[in-house]
Amino acid sequence: MHVLRHAPHGTIYTYEGLEMILIMAAYEQDLSVVFIGDGVYALKKGQDTSGIGIKGFSKTFMALDGYDVEKLYIDSVSLAERGLTADDLVVDVEVLDAEEIGRLMKEQDVIIHH
Amino acid sequence: MHVLRHAPHGTIYTYEGLEMILIMAAYEQDLSVVFIGDGVYALKKGQDTSGIGIKGFSKTFMALDGYDVEKLYIDSVSLAERGLTADDLVVDVEVLDAEEIGRLMKEQDVIIHH
Amino acid sequence: MLHTINKSPFEKNTFETCIRFVLPGDPLLFIEDGVYAVQSGNRFSPAIKRVLETNPVFALGPDLDARGITALSEGVESVDYDGFVALVEEHQVNSWF
Amino acid sequence: MLHTINKSPFEKNTFETCIRFVLPGDPLLFIEDGVYAVQSGNRFSPAIKRVLETNPVFALGPDLDARGITALSEGVESVDYDGFVALVEEHQVNSWF
Amino acid sequence: MKIGILLKEGPYNHQASDTAFKFAEAAIKKGHTVDAVFLYNDGVTNVTKLMDPPQDDRNIAARWSELSKKHGVEILACIAASKRRGISDDVLVEGSAITGLGTLTDIAIRNDRLVTFGD
Amino acid sequence: MKIGILLKEGPYNHQASDTAFKFAEAAIKKGHTVDAVFLYNDGVTNVTKLMDPPQDDRNIAARWSELSKKHGVEILACIAASKRRGISDDVLVEGSAITGLGTLTDIAIRNDRLVTFGD
């Protein structure tokens, strides 16, 4: 399970996390991705990075489906306190509460935070 | 003015900040150092870093006096919310409130946060 | 004195720490992940509203665009890098991160 | 599942975020700047007390020593790197930073 | 038990590298196998042999190199992260290597634990 | 107006380097002099010529080098911070140099502004 917890662009963690997810998806079954905290911002619609000179990557999340990464989860509290709803996001993700995500984490052999 | 805002050891910012302060003190008059937020932990008595394999440096703050760095200020709120008092610190620092520190900042030509 | 803030207020205490030391009248400029603070309707909107009562608040437009933030808290002004430089022309800089 | 936390709770939201996802019974281990959370009598002591009602809480001794923290919140156990390894023997690891 | 380590920060600037090393040492001393340390993000800069800290300070690259020699721990830097940060074969400390992210998947699968250190 | 820049983080991992560059460009375009960019902490890794990012990405070291050539901006890495992180004369991109912290004092004194970018 990969946990994305950083906003995009301010640091590279989300971008390099996504690179890792894409490669690992080619090897692993059952890979899941969870968006917690500022990680939910990675999925925000309407990102245009041309002004900061950094390559955007929000559209790459739409491609995850093609890599058989279908388990995308997002923390409901993180979304709500940022004034966002599922409609603001570039992909369909399953909105879960913290306990549900905690239970999913508990089932994992490997968890990597980005 | 140098503003130390990081706890020691977890990152190098406070240590390299102190290195900068020592060098600049040789060139500049009127250099001041302010401890805000986790920066106040840098002055905590009783640090023993032998177990983590990183060189300790809290005693270097005691040497600042010899470099004519005499203006050491600390934010009262940062100290209080960490359950610390001036007695817990390795050097004498002037405890100020945020407004007093804000006014000192406003007088500066250069402010560097570490 | 210009105060710049580059951290998301959700992740780090930079914003909350900075505003304790800002004097009335001095401008704040949110850059990089700091711009999430001025997105309208989030947990920090009331705090931004309070700051605006005494201080001008700016956010770096290219950073807002990069993050898809279109709705700003009322009273916050978007500036480009030119505007950033213009603020630096007028003020000494206190960069909080 | 072992949850490790390496950030000061004053500076970053790591601790507050982590505890929302921890299930009852799972151990927490504070390391690096994370250990400031278990210093007795600070702003986070009540939160640590609440966590201790349902979960064992550990802090890495060498990191406590390095920071001059001698008084821990009651119920928090100090372990050395050996103890860290022992916890990893028993649990899969979830490293929060 | 077989343990893999993922290290996501560079040397000196963050304690992550020191904690990862101390943890690896302790695990080995307890009889476990530390299979590999995989370096990602700024972590790849842990293995440049050009680092030259003050004499009274630890040399972090040399320390990883030593761990590799003594205990057969593979020290592996991600190639994409390395290229971005100027880490190439020319500057690698002995005992380290550059590899792809596929190797991290192998490490995750073949070890009983993967422990991450980061910032 | 004369402006000095202090950059405290490395390339790619944090946006600080990008923002510093965009700010410097805009200041020069507005007719100001950007006197120097001083690199501290992980910031020293901005000037390794070994970095080799993907073709469709910016090359941050090359960009600083270009700025130096075109506009006479000194790109200076702190020697103590550089040694710790494996940045030596051998890997410096053209237009950059390694220097002591005394130079930062000079930069602070001789410029109207010192603007810091960090993490």
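Chains here go by letter, A, B, C, D, E and F, matching the order in which they are written, and residues are numbered from 1 within each.
Keep in mind that, in the parts below, a contact is a pair of C-beta atoms (placed from the backbone, for glycine too) under 8 Å apart; a residue touches a chain by one contact, two chains touch by 3 or more.
From a predicted model like this one, the values you see are computed outputs, not experimental measurements.
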Problem set entry | chain F and chain D - chains in contact with each | A, B, C, E
Problem set entry | Taking each chain's C-alpha mean as its centre, the one farthest from chain D | F
Problem set entry | Same-residue or different-residue interface between chain E and chain F, half as cut-off | same
Seminar exercise, completed: So the chain most remote from chain E by C-alpha centre is C
Exercise. Does A-E or B-E have the larger number of C-beta pairs in contact?
Worked result: A-E
Exercise. In whole angstrom, how far does the Cα centroid of chain B sit from the Cα centroid of chain C?
Worked result: 26
Seminar exercise, completed: Chain-centre distance (mean CA atoms) for chain C and chain D, in whole Å, is 33
Exercise. If you average the CA atoms of chain C and of chain F, how far apart do the two points sit, in angstrom?
Worked result: 24
Seminar exercise, completed: Note: chain E residues in touch with at least two other chains are 12-13, 15, 19, 22, 41, 57, 80, 114, 116, 118-119
Exercise. Which chain B residues touch at least two other chains?
Worked result: 9-12, 37, 52, 54, 109-111, 113
Exercise. Listing for chain D: what residues touch at least two other chains?
Worked result: 6, 10-11, 13, 32-33, 62, 80, 92-93, 95, 97
Exercise. Is the way these chains touch best called a line, a ring, a star, complete, or other?
Worked result: other
For this session: Any two chains that touch count here, so list every such pair.
Result: A-C, A-D, A-E, A-F, B-C, B-D, B-E, B-F, C-D, C-F, D-E, E-F
Seminar exercise, completed: The answer for chain D against chain C in the complex is residues 10-13
For this session: Mind listing the chain B positions that touch chain C in their complex?
Result: 5, 36-37, 77, 98-99, 101-103, 105-106, 108-111, 113
For this session: Give every residue of chain E touching chain A within the complex, in rising order.
Result: 6, 40-41, 80-81, 100-102, 104-106, 108-109, 114, 116, 118
Problem set entry | Residues of chain E that touch chain B when the two form their complex | 12-15, 18-19, 21-22, 56-58, 119
Seminar exercise, completed: Residue set of chain D touching chain A in the complex reads 1, 13, 17, 20-23, 26, 92-97
